[in-house]
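Per-chain residue numbering starts at 1, and chain names A, B, C, D and E are given in the order in which the chains are listed.
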Amino acid sequence: MIVTAIISGLVLGGTYALVAMGLTLQYGISRIMNLAYGETIIIAAFCAYLLVSQLGINPVLGLIIILPGAFAFGYLVYGLMMQPLVKRSAKSGTLEVDSILATFGLLFVLQGVMLVVFGSNYTSYSYLNFGVQIFGATIGANRLLAFVLAVVIGAALYLALTRTRWGTAIRAVAVAPQSAPLVGIDVNRTARFAFALGATLAASGGVMISMYQTFTASMGVIFTMKALVVVIMGGLGNLMGALVAGLLLGLVETLVATYVDPGLTLAATYAIFLAVLLWRPSGLFGKAAS
Amino acid sequence: MSALVRVEKLRKQFGGLTAVNNVDFSVAEGEIVALLGPNGSGKTTVINMISGAFAPTAGRIMFDEADISGLPPHRIAHHGVARTFQLVRVLPSLSVRQNIVAAVAFRRDAVWGEEAETEAEKLLVDVGLAGRGHEMAQDLTYIDQKRMELARALAARPRLLLLDEWLSGLNPTELRVGIDLIVSLRERGMTVLLVEHIMEAVRALCSRAVVMNVGTKIADGPTNDVLADEHVVRAYLGEGHA
Amino acid sequence: MLDIANLSLRYGRHLALDDVSVSVGDQETVVILGANGAGKSSLLKAVSGMVKTSGQTAMSLDGLSLLNMPPHKVPDAGIALVPEGRGIFGELTVDENLMLGAHPQRARGGEAARLELIFDLFPKLAERRKQMARTMSGGEQQMVAIGRALMSNPRLLMLDEPSLGLAPIVVTELFAALRRIRETGVALLLVEQNVSISLAIADRGYLMEAGRIVGENTASALMTDPAVQQAFLGGTTTDLS
Amino acid sequence: MSRTIIGFGVSLLALIGLVILPTVIDAYGVGLLLGLAGYVTLATAWALFSGPTRYVSLATVAFFGIGAYTVAVLSETLPYPLVLLVAALLGMVVAVLVGLATLRLAGVYFVIFTFGLAELIRQLVTWYEVNVTGTLGRYIFLPFSATDIYWQLLGLGAVTLLIGWWIGRSRIGLALKVIGDDEVVAAHAGIDIARIKLALFTVSATIMTLVGAIQAPRWTYVEPSIVFNPTISFLTLIMALLGGATRLWGPLLGAVPLFLMFEWLSANFPSHYSIILGCLFIVIVFVVPRGVLAFIEEHSGRFRNRKPEESAK
Amino acid sequence: EDRTSVKIGYAVSLSGANAGGAGITTVPNYKLWIHEVNEAGGLEMPDGSRLPIEVIEYDDRSASEEVVRAVERLATQDKVDFILPPWGTGFNLAVAPLFDRFGYPQLAVSAVTDKAPEFVERWDKSFWLLGGGADYTKALAEVLTKARDEGTINNKIAMISVADGFGIDLVTAARPALTEAGFELVYDTSYPPTTSDFSPMLNESAGSGADTFIAFSYPPDTFAMTAQAQVADFNPKVLYMGVGVGFPAFGAANGANAEGIMSLGGIDPNDAANADYRARHEAFIGAAPDLWGSVITYTSLQMLEEAIKRVGLDREAVSAELSNGTFETVLGETKLEDNQLRNLWWTGQWQNGMFVGIEPSDRAGASTPMLPKAPWVAAQ
């Protein structure tokens, strides 16, 4: 029983982590508080659905089409919408407020387009929906795949960001954008890249989620908020933090559902989140407060 | 002379790093004392603990015979301790005058309204910023920001003033002015503990110096003696100063 | 090597630099002296592309125009800046800061040797390689900033008040280090308040006042110039000779 | 001084006009006014604390919901004024607890903490209702017309603005700005940060609680998903930011046009509402970068006194 | 009177959290009906003339305050002739006082409530068409009792419910209904909306020894649970779930695995009018209707249309006719009792690719329950 609970908790948490990692890139590095983040996830889910239902392309193959698309989308959004705001706020320091307001608008646009194109219905399809045995626990193959991908992508990103100069440069932009040019880092390009990468991660999360979950065009906000909670709990801009916090929340959810009361899963999630912040005001892996 | 501030066995630990280790010293009323030491020896940390920015890991800080260790900064400020910061901290969205009024309005015998404004203007005159009250604090030059920060500290009517490298970054002419300003403070009966790397200023101002190295005190006494001390020369001044 | 002619610069309506012409020769060390607010930092910022110039400014490094060069391209041209306030990456470790110093293309290769040199200049950094730069003392952070700039293998190193906040012994060491750096063939453009020690290592110096160049001479001449004595040395000799 | 008196006079006249208005317009008009009064009050109350301190709170709906739920639970058992009092007290107590908990948090950590808190409260209320009382929805059959509710909200809104005005010219207002700029400096200047933050947060939260309590009878039926709807927090924040959260009249000037725009769009373009709204929103961010109030001031200033800088020279 | 059209307005959740539900049950049927009426030349009046429908549509953005104001607007600004109700129990209650005050009949469909009799007393022009929790759970208890008495299932039941108005209403009615019928509730818990992982609850239920698994769930939960039950090979003899089972997408997504799954609602597969309705719905909307709420929504519109035809546009008269008249609809012959629709399909089951009504079993067109549910067919 406990093994089952732990494994399904980790698997659930894997998706949370994957989704949160994209947001932590966008917010931690590009400094864009992207309220339309969840919409990117849902768009990707719809695309996966279209590929499956219209063209019969399975979602894993679909990633090959969707991920570059998402990257381009993120790249475009940053270039068209965010860059002027970033430029403008160099003096006024209002990027946070501006990005909240602008992406709030973007959220409406994306959601509205999806409502027009796909309607407001619940959408789902079935893919790899069979059980796989791990340590005696049965897990949906689709969920397991999502988990594996989350871990692989997460680990690869983590290593890239912490072990390479390229990654360190990205983090440098996160911590001191005004100093980055001193060492030859093109802040604008890096931020744009990180934003697009964030969108790509969101899309991969969306494809994973679509394989086992029903979704609607208005559901993006739920994912945005969940991702924000994970990001903040892990420590802003910290990939490892997002990974650990995501897995932790997944575990808490299943353990509480199994051993306490399923009615308290979300309450427990938020309680843990709040407790972590009370204990460490900058998240699990955030810089310690001085 | 009774001690206005006395630190006893003061200690501060950051994780595994002991930044300040069992430091004792005192500053008498009306004295100007220098706190010296190599970079990273713990001077700012001592200032931070006296002013309440950090709580000490161990030890005591007595101010006018009251134990102020670990009190929140505003309580310590109300006891009569004011400070400047090593890296200037201005309130960027406020005007220069409001920067000063903020301190006038929240000190122990606070005043508010026109009275506070008039007092702020007076302080600005004292530090050489006469008539600059309406400018935005963040638009001032570095030296002017430093001046303003001093005015803000003075606005609290402190008995003890903690200056963390307030004179650094001034050119020799400006240094002169700065030194004179501090001298005038002493004449008004203020007690000053200053951290400084400019020996000229230390010699000109301080009757006594306390030197730290790697968190511990290595010398304490009349300035000239201390600056001639072999340990101090080796750890801090370098042979060129001997 | 570095040629600046007719540099003007405005912040809003405030004219911070007015028709400034400055040059730094190959392997030369040049110091800029001036009161607070004279525009020294602005000059360095203009060279490194961090602020936009106006008017008929001409600015080039060995003929390569620096005008409108985006700031992140400047290090690759061979100019490194240690800015006012250090500008280090506080949330990264000392090691990572130094590693980023070698981010420009021109700095790749020979990295290890330069790291060696830097640890030699600042042994403290070698002890604290894994420390978060933010938690270092003021002086230690200054060392990180200079080390990082050196890592980019610059031909011209610009330092904006490097001695600010450093213990006397470190200042002495720092200038000794600068002397050695200069001997490796790097040109230095130095802004300093510590006039005597900077003139001691400089070849030439400029005097700035309210955004204009008001004087220029060899370092030794400036050292004895009574006007300089009056304006910048407070009429006294400092504790260093 | 005289400017203050004129200001008060104009405000009072406007208030009287707003009190009389529902008697001459139809039910829909009253509904609009009611909605406006609700959001103006929420946004102004939000900005009391979050404006100067820059602690962006998403806990608005937690207090709003507490207010609404208190009315739902107690409306049958206690006289209405007492219900409001209980709601206000409850809001206050929760605000103090939340305030104490959040003292160490800053920036986006504070933002998301307050969001999490609102969700936690909603989850706990739900769980309690499901498991302890065995029902989820609650009915409110209070005999209030839309006009009654509007008048109450209007009164509360006026009081909120008055409080904001008073704070703005008291030293607490300055303290809040100092805290917003640099808490370390604030503390060393003798400001008791914790107390001031706590006090303001509590005042602001209590007002939000009352908005929820007053508005609840309008919906007959409440359940957690209705009264703890996070959209309310977001809209409040957006309105205040859009208007200019650091100024007394800013939130009002953000809330009114935004609310009317929402209304107009959802009435005229129900199926493309989202897209148009979103586009307009983005345009606004680009065109009105520093809030509606600043925008109005800049432009009216230009009318009154063309190029003031030139003439000053 | 020289009017040229009939104004009909509605405010419904086109965006926000409720858009998913409204988007399947409510909006398509409003659109379909209006389209059909206008195609036919308009609403027929008692004198045989026809007046086209002019529609006014608002989005309530899933917010109570918005739906209330939108209805005020429809009544006082747009002065529409009739207002169609919003989606959701809470929203129907929120607007009920307004419908009452402005004198509009309220044909509340997507509101499951046991309090309907009280509401009718309070607001005499309100109509409650989807029954209450007690109705559905009593019917379910009957199906289960029969199966137990035949020895098909044991008397243990595992039950979960979504912590939301709908789930709680049903589960509070289910507890007494099932225990009175002699069943033992070995697992009984609720879960918050937006839960996506049901494996802990399915595992608990599987381990509880119950032959019957009941979930009063919302569509995303229903879909997820069905998929996860297959993964976990959790195959109770009776599988009953809430909203979503009656969606055509449910049958499409689960294929053979939908067989035997039970839920609220259902249809008579042999009813020609109903089959015709489904075909028209699919043709016009592009998707088949759900087989619980959609059918009733369309029924309510047919009743309104017919009432207008009989008595004209006077709202008092239409309300009276709705209360007392008998109507021929896609649900069969329909007559309200005390302003409530009672001849509903309380329980349905997927049989041969169709979600058919099985309870009340004595109603014409009822299918026989097929229990136990067939085991899952392995995925492709």
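Simple rule for what comes next: contacts are C-beta pairs under 8 Å (C-beta built on N, C-alpha and C of every residue); 3 or more make two chains touch, one makes a residue touch a chain.
Keep in mind the model is a prediction, meaning the values are calculated, not measured.
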{"item": "Touch-network distance, subunit D to subunit E, counted in steps", "value": "1"}
{"item": "Touching both subunit B and subunit C (chains)", "value": "none"}
{"item": "Relative to subunit D, chain with the most remote C-alpha centre", "value": "C"}
{"item": "Identity of the chain that, by mean CA position, is farthest from subunit B", "value": "E"}
{"item": "Inter-chain centre distance, subunit A versus subunit B - centres from mean C-alpha coordinates, in Å", "value": "47"}
{"item": "Between subunit E and subunit B, distance of the C-alpha-averaged centres to the nearest whole Å", "value": "74"}
{"item": "Intercentroid distance (Cα basis), subunit D paired with subunit A, Å", "value": "30"}
{"item": "In subunit E, residues with contacts to at least two other chains", "value": "14-17, 62, 163, 190, 192"}
{"item": "Which pairs of chains touch, using the document's own definition", "value": "A-C, A-D, A-E, B-C, B-D, D-E"}
{"item": "Contact footprint of subunit D on subunit A as seen in their complex", "value": "27, 33, 81, 84-85, 88, 92, 94, 96-98, 100-102, 104-113, 115-116, 221, 225, 228-229, 231-232, 236, 261, 263-264, 266-267, 270-271, 273-274, 277-278, 281-283, 286, 289"}
{"item": "Of all residues in subunit D, those that touch subunit B in their complex", "value": "170-171, 174-175, 177-178, 180-182, 184-194"}
{"item": "Residues of subunit C that touch subunit B when the two form their complex", "value": "33-37, 84-85, 124, 135-140, 142-143, 161, 164-173, 193, 195, 231-234, 236, 238-240"}
{"item": "List of subunit E residues in touch with subunit D within their complex", "value": "14-17, 57-59, 61-66, 68-70, 72-73, 75-77, 89-90, 93-94, 96-97, 102, 163-165, 168-169, 172, 190, 192-193"}
{"item": "Residues of subunit B touching subunit D in the complex", "value": "51-53, 72-74, 77-78, 82-83, 85, 89, 91-94, 98, 101-103, 105-108, 110, 112, 152, 155-156"}
